[in-house]
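Questions regarding the structure given below will be posed in turn.
Labels run A, B, C and D following the written order; every chain starts at residue 1.
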Amino acid sequence: MKVGIVRFPGSNCDEDALHAVVDFLGETAVMLWHKDHDLHGADVVILPGGFSYGDYLRAGAIARFSPIMQEVAAHAAHGGPVIGICNGFQIACEAGLLPGALLRNAGSYVSMPVIIRTERTDTSFTGASSVGQLLRMPIAHGEGRFTADEATLDQLEANGQIVFRYVDAHGNATPESNPNGAMRNIAGVTNVGRNVVGLMPHPERAMDRALGSQDGVVLFESLLVAANV
Amino acid sequence: MTRFRVAVQIIPRRGLLDPQGKTVRDALVTLGFGSVSDVHVGRHMVVETDAKDAPAAEASVRAMCERLLANPVTEDFTIAGVVAA
Amino acid sequence: MTRFRVAVQIIPRRGLLDPQGKTVRDALVTLGFGSVSDVHVGRHMVVETDAKDAPAAEASVRAMCERLLANPVTEDFTIAGVVAA
Amino acid sequence: MTAVPRPGDPVITPALVAEHGLTQDEYQRLERMLGRTPTFTELGIISALWSEHCSYKHSRPILKTLPTTAPYVLQGPGENAGVIAIGDGLAVAFKIESHNHPSAVEPYQGAATGVGGILRDVFTMGARPIAMLNSLRFGSLDTPRVRYLVGGVVKGIGDYGNCVGIPTVAGDVMFDAAYEGNPLVNAMCVGILREEELIRAKAEGVGNTIMAVGARTGRDGIHGASFASEDLSHETDAKRPRVQVGDPFTEKLLLEATLELIGSGHVVAIQDMGAAGLTSSSAEMAERGEVGVVIDTLKVPVREEGMTPYEILLSESQERMLVVVTRGREDEVRKILTKWDLTAEVIGEVIADPVYRVVEGDRVVAEFPGTRLVTDCPQYHPEAKESDAIIALRNRDVHAVPERAEERDPAWTLTRLLESPTIASKLWIHRQYDSTVRANTLVGPGAGDAAVVRVQGTRKALALKTDCNGRYVYLEPRTGGRIAVAEAARNVACVGGRPMAITNCLNFGNPKRPDIFWQFKEAVGGMAEACTLLGTPVTGGNVSLYNESPIGAVYPTPVIGMVGLVDDIDHATRMTFSAVGDSIVLLGEPTNELGASEYLAWIHGLVAGAPPRCDLVKERALIEVLLESIRGGHARSAHDCSEGGLAVALAECAMSNREFMFGANIDLSTWKKLPLRALLFGEAQGRAIISTSAPAAVLAIAAHHGVPAQTIGTVQSAAHGLHIVVGDCTFDIPLGGLSEAYHEAIPRAMRRAPAETVSSELAAGVLS
């Protein structure tokens, strides 16, 4: 399996993603430059965290127009797996690959470990997880408040497109466990085809026991599960 | 071609939760501005652009809003004014 | 007492770097809006407040700008309009 | 060639000279150097270069007394950042810098641009930044203006570092009325490089091209260096146009482009245009390279029309670099910059003629002989004399201070102390910093006495911390200077790092006042003693003088930025208890010292008495015990005793990790003869608390190094609370109240202040 990691000028989690794929998963990875029109044969695309183009306007607003995103969109349209992490999630929403929008947090920028609960295992990135599994990983963002109108939210629930929710240590989605004011505690969603997943927490920073959690590994392992199907 | 200055306002769609507006209102109230009932916070942008006339300038900025400046999921925009620069 | 809706525009002071304006301009140019020469980004705020008349509403929002809404070191503000709500 | 006035230049008058901050003597020195009347442009250049900030005219002779060498020091003071080797062909570049005055005027942008500047200092050495730290001092959180400053500064630091993608992993924050009108905002950056990639900011090679890279030059921050060299008076408000605005995205591009440029081998030298902008960067590069330079201001890319050479030379617009390019490689350089959407313009050349020359097209607007521009600056040896008032304060018998009635219950005192913002959890602050990006943060902010950041591709890690108790330095500068270094070293040792080297930021008042200069001399003297004994040379730093407001000078605050080396990531050690049944060992000994303590300041509103003694030989031994215990796998946690003393340290071990709290049984009867408050809250130096499953091993190591050590208790479950016995007295303190006091103090203070928080968010553009 070959994983393509998009490098926008302001990406800053691209190397962490690379490290996760190559050193922890043992798969090959290729960096995809934002100005290129070439996925270099990647089977999977990661839109990593960072501040793609400074994000002074809205996170991800400018990045969606970059040349590489046309290729990413085409890849996604053909069912190719794409994961957007943090800024990558914002970009995927702006690009219309995922529903909803990520607005300024209800509070300030927040960097902390959170617990999320897996809601769906029928996506390209959660096949190795189990429904209700609690995963601990860091968040670090200022614009992560998942927002959509009520009708859209209901539809997402009905379609099973909500992949992760912020929960407390007992697995309950409480207001206190919601770090950014996201509607219905939503931490991650998927598209109708279930091949595109976006989430605000950083699985690539939770690959190593030395860093406090290995719970991010399951997302990457899911890719291998998906690849074998 | 003339240079125009086009002002746009981009505001969070009504009906969506606006925690920022609420935070500012609460702050104003604590500062003693008790008669404030509501605050909305949006963006004010001024685009300087060359166009053949004012309607063309406005049309072009409208296109910019639709493509980039406003988020169609959460924001509305209005062109507030077009003046020759 | 009447309820007024007062619109304020807050913009970065001239001469100061406006990174937001600069990146938006660059993006617009890349998107094909080549005739854009400059973009400035500020805040647009609408304050709903009770006051005895329009001048009083305006004066009160002016005070809010001075105390809270605008940064006296880096921003200028203008009251864009006062209407009865 | 000789410089001639430009049409429209103001005439040089004594008033104009004074406005530029030059004394008469200094002006005459300038005339002598030139052999003629300077042009307006030259006056501007000299006013910046001879400002305290750039010239160190009051501090240099004293700084020379600091130890700067060790076999592993690759670059000592004198460059953009210091560099030490850590083995495996790798090196660490690090430096600290102040942005106090800009932050006092505009906290958000002031702090943000401070972070930007120190990042550039590190990556211009060829190092990739891997961690940021910040050292902050504010007035009382009861003051609205202080809360506004705290909100803005924290957000400014966070937004900048977060956007560039460098984790902010450690720091220190103290609150005291002494900093009310003049907060301290010091930022430190740490980067990693391969030894062979080390590049120095030295213009070399006659004929080489000088290029300006990065952002365009605007009128912002003109005379920032001189601004940093004045008292913060009421007139400061009029200086507002000097505010600079940071652009972290451009910084990120500049960072990547710079590292790529250095890797390409096309460039000879790179320097950030920081304080005094183009002037100081070009002059310093020429001086270090012992060559001449010529710069044409017409070729500098500007942001505004009609900028004069004076303005272009002195602008402090951010995110700009000066690069010396090997002649003929300009296109290759441009290609790299274009990749990163940046521009590079040729603005000058390295010349054989030993002059520093600025032209505007055909006209010479400034020309100085040789390298004297930098080296020939004035130097002062001001008078130094200790203030009688402070002597009197130090000599106060603080043991005579009567206890308050509530203090009969030490639980009350302990709870109050945990509520002091200086001691309380700083989570409200560092939650706004991305501390985990780059996926190497083994011990992040709040988790240990110092941060531990893994060196990618190795088993090694860096232990990093800033420290300084300005109150100690105020009451006895020499001791205070020693303690600042000793505490930083102790903190680094507590997480498993061997202290290696320091950078420092000397924040003091007006050096022309004899009492201030005395503090400066003494404090630096104390630092020098500690650095020598602890084997941690000084590789660089920054001097920030004139930190005064209408209420007076700040506490003398020589902030130490310590870098330590952790041999193996498995040694990374946290500060909190982690297993019921572990023994708790106290290294070092309580004393009957209360002077200069947080206890006196917070409980009694009294800043007086002598600070605790600091025995550097004992500190060194303690560090050995900590390291040996940790490396031997005997220490489950380690935490030093600092502000608030033994009781606060124990409480922190028990409940500072809110998710996993532990109780403890503690018996301090050995010291029952000491006054209870000195035992519990005195700040005796040279102490640390270890939790261990192998107390005998730890005690043996301590005995071997001659460090007093004793098992004082065992770790219990959280429900057990803190159970403390001292002779006949027993105290049972539930964790709930302690934790609430410790964790909620700062959030509560900031919540009480929606207006201040909101205005800093508005200033930051967050609410748009």
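Throughout what follows, a residue touches a chain if its C-beta (ideal position, glycine included) is under 8 Å from a C-beta of that chain, and two chains touch if they have at least 3 such contacts.
Since the structure is predicted, the reported quantities are computational estimates derived from the model, not experimental observations.
**Student:** If you tally the C-beta contacts, which comes out ahead, C-D or B-D?
**Tutor:** Of C-D and B-D, it is C-D that has more C-beta pairs in contact.
**Student:** Measuring centre to centre with CA averages, how many angstrom lie between chain A and chain D?
**Tutor:** Here chain A and chain D have centroids separated by 36 Å.
**Student:** How many angstrom lie between the CA centroids of chain B and chain D, rounded to a whole number?
**Tutor:** 40
**Student:** So how far apart, in whole Å, are chain B and chain C when each is placed at the average of its C-alpha atoms?
**Tutor:** Roughly 9 Å separates the two chain centres.
**Student:** Where in chain A do residues touch two or more other chains at once?
**Tutor:** Within chain A, residues 53-54, 56-57, 61-62, 65, 104 contact more than one other chain.
**Student:** Where in chain B do residues touch two or more other chains at once?
**Tutor:** 20, 24, 27-28, 31, 41-43, 68-69
**Student:** For chain D, which residues are shared contacts with two or more other chains?
**Tutor:** In chain D, 247, 249-250, 341, 755, 758-759, 761-762, 765-768 touch at least two other chains.
**Student:** For this assembly, give the contact graph shape among line, ring, star, complete and other.
**Tutor:** If you draw each chain as a dot and join those that touch, every dot ends up joined to every other.
**Student:** Could you please specify the touching residues of chain A with respect to chain C in the complex?
**Tutor:** 53-54, 56-57, 61-62, 65
**Student:** Taking the complex as given, what residues does chain A use to touch chain B?
**Tutor:** 57-58, 61-62, 65, 93-94, 100-101, 103-104, 106, 145, 147-149, 181, 183
**Student:** Under the touch definition given earlier, write down the residues of chain B that touch chain A in their complex.
**Tutor:** It comes out as residues 12, 15-17, 19-20, 68-69, 71, 73-74.
**Student:** Applying the document's contact rule, which stretches of chain A touch chain D when the two form their complex?
**Tutor:** 9-10, 12-13, 15-16, 19-20, 49-51, 53-56, 104, 108-112, 138, 140, 142, 202, 204-205, 207-208, 210-211
**Student:** Could you list, by residue number, the parts of chain B that touch chain D in their complex?
**Tutor:** Per the touch definition, chain B meets chain D at residues 20, 23-24, 26-28, 30-31, 41-43.
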